[in-house]
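Let me give you the structure first, and then I'll get to my questions.
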Amino acid sequence: MDKEARMEWLIQRVAREFKTGDVVNLGIGMPVKVANALPEGITIILQSENGFLGLGPSPQEGQEDPDVVNAGGKYSTILPGGSCFDSALSFAIIRGGHVDATVLGALQVDEEGNLANWMIPGKMVPGMGGAMDLVVGARRVIVAMEHTAKNGTPKVLKQCSLPLTAAHQVNLIVTDMGVMEVTPQGLVLQEMAPGVTFAEIQAATKAKLL
Amino acid sequence: MDKEARMEWLIQRVAREFKTGDVVNLGIGMPVKVANALPEGITIILQSENGFLGLGPSPQEGQEDPDVVNAGGKYSTILPGGSCFDSALSFAIIRGGHVDATVLGALQVDEEGNLANWMIPGKMVPGMGGAMDLVVGARRVIVAMEHTAKNGTPKVLKQCSLPLTAAHQVNLIVTDMGVMEVTPQGLVLQEMAPGVTFAEIQAATKAKLL
Amino acid sequence: MVEQIPLEAAVNKIEDGMTVMVGGFIGSGAPDQILELLAQRGIKGLTLIANDTGILGDALSQLIVNRCFRKVIASHIGTNPETGKQMLAGELEVQLVPQGTLVEQIRSAGAGLGGFLTPTGVATIVEEGKQKISIDHKEYLLELPLSADVALLRAYKADPAGNLVYRRAARNFNPVMATAAKTVIAQVEKIVPLGEIDPDEVMTPGIFVHYLVQARPKGVAQHG
Amino acid sequence: MVEQIPLEAAVNKIEDGMTVMVGGFIGSGAPDQILELLAQRGIKGLTLIANDTGILGDALSQLIVNRCFRKVIASHIGTNPETGKQMLAGELEVQLVPQGTLVEQIRSAGAGLGGFLTPTGVATIVEEGKQKISIDHKEYLLELPLSADVALLRAYKADPAGNLVYRRAARNFNPVMATAAKTVIAQVEKIVPLGEIDPDEVMTPGIFVHYLVQARPKGVAQHG
């Protein structure tokens, strides 16, 4: 399988984590693609942390509403049954455990479920936005990312070295190479992408896969 | 002046404490009468702590709306420009200093501005309702009450003996005998009801009037 | 996922010994039909979290009269003398909480906070047993979150997604309690088709609500 | 009391060195016309409290480009690279705060609370310098209130009493900031007669608002 096919596998795989009615917050970028990959018959409710539930697909050209944008600032839509609220209620929803799952990218994630995805000191400091609240508040935290950095460096580690987004909050790591569950014993390899061998994924991972 | 006239004087006197635009919360009972006694040209905004601004007069018979009641549970009206909200915002308004004045009754009030108006241990324990928040949060706390208890016992004291509603929060005490301002030096007598002498009001007061 | 159920099924969700939040303010905005039926059943040992215990004769007060509660957490019990009578006789545990603190404790639980600092109650008996923290030389009480097994709410209208809209002063504690209970049951005057409630009109997003109970029409129509 | 004033008069309320809250989320719901004119003036030394610093090219980002701020308190600055550049060069103080903590700090100030306990940021650099408190064996950070001299908001409609209604995702930080500043100025699309906004529709009660600025119509009508 080529890179593109493996990334597509990743997204399909994450999309299978949900059941109908789940309230889900998808991070900017790759995670957002999960919404289009849901298995048939599964309907989830997407939360947009800037202030609404019922996030729908992008609007058709000419149908953009300047007041309906997602948390990435892109034009969006609100599905029937959706609701709008202020940022205080939005984060009450997030922090209060009312979001069933969040899917985020990561710079690093480790075998204790620690996550680093918001800054590289002295270089990239965009800010944590809503990520720290999401990772602490969502019932289930799913990291979805390429297994290694662009230069091949492992991103799944024994211990994160970058500043953390939160400690001990990640439940599942889905990459283009496989699916790892965070357990008290460490990372349990649940599944490998088609064509990936155990030797390959372990070699690309700094933590021991169980 | 008879008792009734003096009570009427009290209400008129409290009503002169406001300027147009003031946000005011009036306690149940006698304080609520202040709204009808405002000087001509003065318009204040009444807050009802159960959840709205723009509290109006009682509805005409047959016009009662079961969803529009004041904090005493009595049918009420909402004036044009009024707004409804939940109890969290209602007390954000109260505690956050967005109420210019509150007028409440008292069991006891003392020269340090301490107020007791919510319980008599072992006897009357109705609960504090919103009073503790109002007294702490309103910019100006006005106690409006009969100068003495029904049996003639002073209610304006050197020190409250009943459980406090709040400490050091009362700004002004208006009774059927006079008007006392709470200052760092003690109670400054600002005004006496028509026909009341200094000797009379001092005799009915346990604190020294300055 | 929200489910529309009959009144009887809603009442059956409540079990002896549970902690129950009840929306309303001296009856206004209280889920009267759920409370009435609950009072008729022989439910026992509940803990009540509510602004008050109703006004003698109303649905919530009947639960007090029928001795359904082990404990009451409220800001005011003066409109139902039966509560004070049971309390003074040592038959009912009553914890009185300032109204603003009560609603904020409930909000705190719903919002995933560990508590908050309030100036309300400082230097009163409300501070007993609580941690005091000074910020900028001002004293505050640390108040803790308050959650429940079940929240019983009343709303004006709902849609099939569970979105709720309250009316006038009947809103009060209802939207806050919707966020702080494991199971949320709302008695609603009417259920409108999906899409008929504008997203900006929603006061409680449907994700908080588990069960909708359509209220029986009253003898006299109340809301046109 | 709310007063309707021209855009220029609104901008003149803001003085060098003030702390200013600005509603909006990457431009959505930001008071763009007030910010544009403010950026044109030579204002200096402001402290900004906002979710972000806009997206390069928009009104808020122009205030960063024009170096109007001494300090920025925000949850995210990634959409305006100029902010990060000034920060890394040591020319602008930037305090990054988790979004949920930021909005709760503002709410706390508006609600007269002394602070709140949040699990967000525990075991991260966000906890530096903050008091940690354990409740039921879970650690929380004590976060303090955040208030401002002026809040600059944007609303969809207003009435002469100052009641505000926001539209869709443009609500975001606006209603919370309305509660936490000494002076509150709202840029509104339209002002309707008193009584035309239903009490249940109001999102920010008029008592929080001091000045209304009617927005200039855009080249293209935005909201029908």
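As written, the chains take the letters A, B, C and D, and residue 1 is the first residue of each chain.
Rule of thumb we're sticking to: a contact is a pair of C-beta atoms (placed from the backbone, for glycine too) under 8 Å apart; a residue touches a chain by one contact, two chains touch by 3 or more.
Since we're looking at a predicted model, the values are computed, not measured.
Enquirer: According to the touch definition, list the chains common to the neighbour sets of subunit B and subunit D.
Expert: Both subunit B and subunit D are touched by C, going by the contact rule given at the top.
Enquirer: Taking a step as a move to a touching chain, how many steps at least join subunit B to subunit C?
Expert: So the least number of steps between the two chains is 1.
Enquirer: Return the chain whose centre of C-alpha atoms lies at maximal distance from the corresponding centre of subunit B.
Expert: Most remote chain from subunit B, centroid-wise, comes out as A.
Enquirer: More C-beta contacts across A-D or across A-C?
Expert: When A-C is set beside A-D, the one with more contacts is A-D.
Enquirer: Find the geometric centre of each of subunit A and subunit B from their Cα atoms only, then give the gap between the two centres in Å, rounded to an integer.
Expert: 54
Enquirer: Can you work out the whole-Å distance between the CA centroids of subunit A and subunit D?
Expert: 28
Enquirer: If you average the CA atoms of subunit A and of subunit C, how far apart do the two points sit, in angstrom?
Expert: Centre-to-centre distance between subunit A and subunit C: 35 Å.
Enquirer: So what's the Cα centroid distance for subunit C and subunit D, whole Å?
Expert: That pair's centroid distance is 32 Å.
Enquirer: Where does subunit C touch two or more other chains at once, residue-wise?
Expert: 104, 107, 111-113, 118-119, 166-168, 171, 199-200
Enquirer: Two or more other chains in contact with one residue: find those residues in subunit B.
Expert: Answer for subunit B, listing residues that touch two or more other chains: 52, 78, 84-85, 91, 94-95, 136-137.
Enquirer: Among all the chains shown, which pairs meet the touch rule set out at the top?
Expert: Applying the touch criterion to every chain pair yields A-C, A-D, B-C, B-D, C-D.
Enquirer: Can you list the subunit C residues touching subunit A in their complex?
Expert: Checking each residue of subunit C against subunit A gives 1, 107, 109-113, 159-161, 163, 179, 194-195, 199-200, 202, 205-208.
Enquirer: Which subunit B residues qualify as touching subunit D in the complex?
Expert: For subunit B paired with subunit D, touching residues are 20-21, 23, 45, 52-54, 78, 80-85, 89, 91-98, 136-137.
Enquirer: With touch defined as at the start, can you tell me which subunit C residues reach subunit D in the complex?
Expert: 104, 108, 111-119, 133, 135, 138, 140, 142, 144, 165-168, 171, 199-201
Enquirer: Considering only the defined contacts, which subunit C positions touch subunit B in the complex?
Expert: Touching subunit B: residues 25-29, 51-52, 55, 74-79, 84, 87-88, 94, 96, 98-101, 103-104, 107, 118-126, 156, 166-176, 203, 222-223 of subunit C.
Enquirer: Spell out the part of subunit B that touches subunit C in their complex, as residue ranges.
Expert: Those residues of subunit B that touch subunit C are 48-52, 65-73, 76, 78, 84-88, 90-91, 94-95, 122, 125-133, 136-137, 163-168.
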